[in-house]
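Input: structures, listed below.
Shared chain: subunit A. Partners: subunit B in the first complex, subunit C in the second.
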Partner chain A sequence: MTDIKVDTLRKEFSSDAGKIVAVDDVSFTVDDGEFVCIVGPSGCGKTTLLRCIAGLERPTSGQIKLGTEEVTDVPPQNRNLAFVFQDITLYPHMKVWENISYPLKLDGIGPDDRYEKAQEVADTIQIGELLDKYPGELSGGQQQRVAIGRSIIRSPRAYLLDEPMSDLDAKLKKEMRVELQRIQQQVGGTMVYVTHDQEEAMTLSDRMLVMDDGNIQQFGSPQKVYHEPNNLFVARFIGSPEINLLAASPVSDTGETVSVEDTDWTVDTGIQASSVPGRVTLGFRPRHTTVARTTNPDGLGGEVALVESVGDENILYVDTKVGEVRVVVDIEEYPVSEGDSVEIGVERSYLFDRDTGDTIAKSTEHQPDREDTVET
Partner chain B sequence: MSTVSDGVRAVVPTRWQRKTNGVLASVFERDKTLLALCLTPALALFILIALLPMVWAFNLSLYEVSTLSPIWEWTGPGRLVDIVTSSGFQIAFGRSLVFGFGSVAFQLIAGVGLALLVNKEFKGAVLARALALLPYLVPAVVIGMVGQFMLNAQYGIINLLLLRVGVLDNPVAFLGLPETAMVTVMIVGSWKFAVFVTLLTLARLQSIPEHFYEGATMCGANAYQKFRDITLPRIKNVILIAALLRTLWMFNKFDIIYIMTRGGPGESTTTIPLLAYEIAFNQYNLGEAAGIAALMFVFLAAWSVLYFRVAEPEQEVRVA
Partner chain C sequence: MTQVVGNYISYGQAARIKSVSYQIVVWATLLVLMFPIIWVIVGAFSGLDALLSGSLSAIFASVTIEPVRQVFFASNFFVYYRNSIVVAAGVVIFTVTASTLAGYGLTRVQFRGKKWFARLILFGYMFPPLLLSIPMYQIWRQLGLLNSHLGLILAESSVPLPFGIWTMWLFFQTVPLDYEESVWMAGGSRWHSFKDIALPQAAPGMIAVGIFAFQSSWNNYTYPKVLIAEDSLRPLTTGITQYAVQNYVFWNQVMAVVFTIIIPAFLLVYFLQKYLLEGYKATA
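Then we have the complex of A and B:
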């Protein structure tokens, strides 16, 4: 096991339209034994970054180090990294045990020893009874288990996973997530996991690396990324339902009160910033709100256009003068139905610089040590 | 049908259309009619140009028939035994084996090699693939003639090159010497048909997903191991089928040998088809020639059955 250091890594592709920068001089370190998710929208360069670490892509410039060894120019087959692909790459003409033990075959180990080792690994990932089947006879989840089995059989220096669960159905995904964490604890490996699914990233990672447009937007624990986003992009990308963003301007210099543009609404943000620019974006998460039914809202509010019931909670889509505002409320506490007029109270909020997108400040109300439900 | 609200009239089929639709539907819905309709032309053609001549030839082989005499003289099946035991037939059969298997070996190696080469992704790969398949379009006559020119001892380019490079001290008449004629004909004749193997193999190669190779790379496989564990299992069956077809066709090959050597020098390239030709059209002995052809047919049929039993090329590899 080893840590992974990536230093000013850059990867450009040439296309008919000219040069495309997929990874734009990124640097970060994944610690030994850490589970890091690289998350971002499609086309943000996350898979390219992973493939560079694996050696399947040659970086344009920059350095990759595994532990103390620099591997930038080492061919992938000599890096001893395990890679689990999005398209499950099992060999259809080989049985499950042959697939799992394929890396051992390449090391010249005989079939009997391989079978034994494959049995061991298969028991770990709970597919011990499937060894003599062909991949074509397995379900998607079982196939992905086999692929994971193949990746752990040779104790690699680190595991790289490229959206391994994107083809699985929602329920299976949840199961496999738990399974993957269990496997990680058991084998104790450094894992880099690429996904476009922020929920997956939130639940799996020790730290998550949020990427957009070839750049790292934020690298930190899920809690940190969720509660203290670096910028508008991270705030919008992480958390579901999506954060509410309203164009606003500060009433006071500290940003304690802001007025929402194109309205006479003011919102108390609870923010004490040293300086606030004139053009800001007010952000507040749907869960950090209160609602009150009122016949004639004079503050932030409007008519409830849609109520989505998710178990104990309702997601309200409220039509306001400045567009849709999403609110998550407890069904018991706030029984609201479609067509009601509501006023929305903001409990915690963020201010972003509207021109740069950077976070200016957030409400002081939030205590980082407080146990918080991180909605995903 | 009625007029819809915005005034656009819906399309109403005419009576004639309804009628034809009905007839067509009844044809296509009845499996047996459809089957008969599709199979009859091909079947008729097959009977006319393959089955009847074959039966005719088998029948012919039991008679003594001369082109110069209209009378067929019954000889019976003993004639076939005579042919098999004759040294002329046996030697020619030996040459056929050499020519057939030798050619196919060459075609497989060259064909699969070429397929692997042009399967790579590079600039101009599509053009390269098209060019690689081009020889298949060249008629055997042209290949034979060009081959003769190129191999000529006095003005052929092959001799010129080999002399310049220093491989040869004196020009060699490759087609004029019994020792070299067979190998030369094999190579010239196979050049074109190697592309047949390329065609089949390339189609299969293109269907192997790239991530299979990447997966193997990450498992630590080198180029040879990737070929052995991913490529070969996938193309094995198509190669087996190609090998069978090519053996059948190369055993029957007549044109390229006839054009280049007419079976010579001496009889060094007289394979079974050339022997049959010689007996039929130079010795005017149609019955014996038919007998040779019939024996050839039996041999190839037996070979095919054996091949399918042993190699099992119809066993599909698991692809999913």
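Then we have the complex of A and C:
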């Protein structure tokens, strides 16, 4: 096991349209035994970054270190890393045990020993009875386990996983997530996991690395990234339903009260910032709100256009003068139906610089009694 | 009760009509295609005079194994047959090996002018063997490859090779790169990923190319005609002309030879047709 240090890593691709910068001078360190998710929209460079660490892409510049060893120019064969690919890549003409033990075959180990070792690994990932089947006979989740089995059999220095669960259905995904965490605890490996699914990243990682456009937007624990986003991009990308963003201007210098542009609404943010620019964006998460039914809302509010029921909660899509505002409320506490007029109370909010997108400040909690869970 | 409107045929009737008309078309086509082969078999077992008279009753009255016996025991038949097998095997091995390596290279290795190279291969497909055989004759003479099986194998391979490379190229494109990358991550070299992963998945393509190479060599007349003068080195296609003497053709013996020529090709295609179809699917 080892830590992974990435230092000013840059990867450019040349195409007909010119040079494309996939990874733009990125630096970070994954600690030994840590589970890090690289998350971002498609095309943000996350897979390229992972492939650079694996050695499947040659970086244009920069450095990659595994522990103390520099591996930037070491071919993938010699890095002793495990890689799980998006399309699982089980060899269709080999049985499960042959698939799992294929890395050992490359080391010149005989079939009997390989079968035994494959059995051992298969038992830890609970597919012991499938050894003599072909991949084509397995379900998606079982194939996934076999792929993981193949990656752990050689005790690699770290595990790299490239969206391994994107083809699984929602229920299976949740199961495999738990399974993956169990396996990680068992083998105690450093894991770097690429996904476009922020929910997956939130639930799996010790720390998550949010990428956009080849750059790191934020690197921190899921709680930190959710509650203290560095900028507008992170705030929008993390959390579901998406954060509400309204153009606003500060009424007071500290940003304690802001007025929503093109309306006479003001919102109390409770923020005490040292300096606030004139053009800001007010952000508040759908969960950090209250609603009240009124016949004639004079504050932030409007008509409920759509109610989406998700178990104990309702997601309300409220049509306001400045566009749609999403609100999540408890179904019993706030029984609201489509067509009702509501006024929305903001419990917690953020102020972003509208020009740079950076976070200026966040409000302290107004109602500490309301449990804030990271729901997605 | 609702009224059924207009004339109609039920699903059952429609299915029966479909099936019957389908069978008629299939059998009619088959009869047309098979007739020459049936005639070959009939001819191989009839007397020469009866066969030439063209009268069916005379032909069936003259049934004999004499032509087959003549061909088998009183001619160079087995020598020709052996030559054909040796050359066909050589062409199959050479073509499959070369097109597999070339197909893999075209798929996986980036090099300058790759597109042009691929196009040029198909360009080579457009020359008729007769046109190529004349310069080939001169080159082969310089190299001392005339009247040798090696020379004939190389020459005959030029026919199926462009198709073979093209097929293997397309086949290897169906093997996702990350399957091979997963081998590299596990510590295997490119040779390992080629041998253990890409090759087994491209096996149907190799078989299709092999069958194509076999039938191409088996039926090739031009190259042995031009490059092989020595009777003991002739394959069946040119050897068969020996059953025509000055102004006279022993048609029943020719038919007997043709009958034996058909058998291996038929068996090969019959048992490997599944792969042949896959090969054509990939190139489509």
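Convention: the second predicted complex is superposed on the first by the 369 of 376 C-alpha atoms of A that agree within 3 Å, B and C clash if a C-alpha of one lies under 4 Å from a C-alpha of the other, contacts with A are read in each partner's own complex, and residues count from 1 in each chain.
Definition applied: a contact is a pair of C-beta atoms (placed from the backbone, for glycine too) under 8 Å apart; a residue touches a chain by one contact, two chains touch by 3 or more.
Keep in mind the model is a prediction, meaning the values are calculated, not measured.
Clashing of subunit B with subunit C is the outcome of superposition onto subunit A. In the superposed pair of complexes, A:A292 makes contact with neither subunit B nor subunit C. Shared-chain residue A:V251: touches no atom of subunit B or subunit C.
When the shared chain is aligned, subunit B and subunit C each come close enough to touch A:F85. By the touch criterion stated above, A:G136 is placed in contact with subunit B alone, subunit C being left untouched. Of the two partner chains placed by the overlay, subunit B and subunit C both lie in contact with A:D107. In the superposition on chain A, contact of A:I20 is made with neither subunit B nor subunit C.
By the document's definition of touching, both partners, subunit B and subunit C, reach A:L56.
Subunit A residues 54, 56, 76-78, 80-83, 85, 87, 89, 91-93, 102-103, 106-107, 150, 154 lie at the interface with subunit B in one structure and with subunit C in the other. Interface residues of subunit B, counted against subunit A in their complex, comprise 209, 211-212, 214-222, 225, 229-230, 233-234, 317-320. Subunit C meets subunit A in the complex at residues 176, 178-179, 181-189, 192, 196-197, 200-201.
Note for the complex: subunit A touches subunit B at residues 54, 56, 76-78, 80-83, 85, 87, 89, 91-94, 102-103, 105-107, 134, 136, 150, 154. Residues 54, 56, 75-78, 80-83, 85-87, 89, 91-93, 102-103, 106-107, 150, 154 of subunit A are the ones that touch subunit C when the two sit in their complex.
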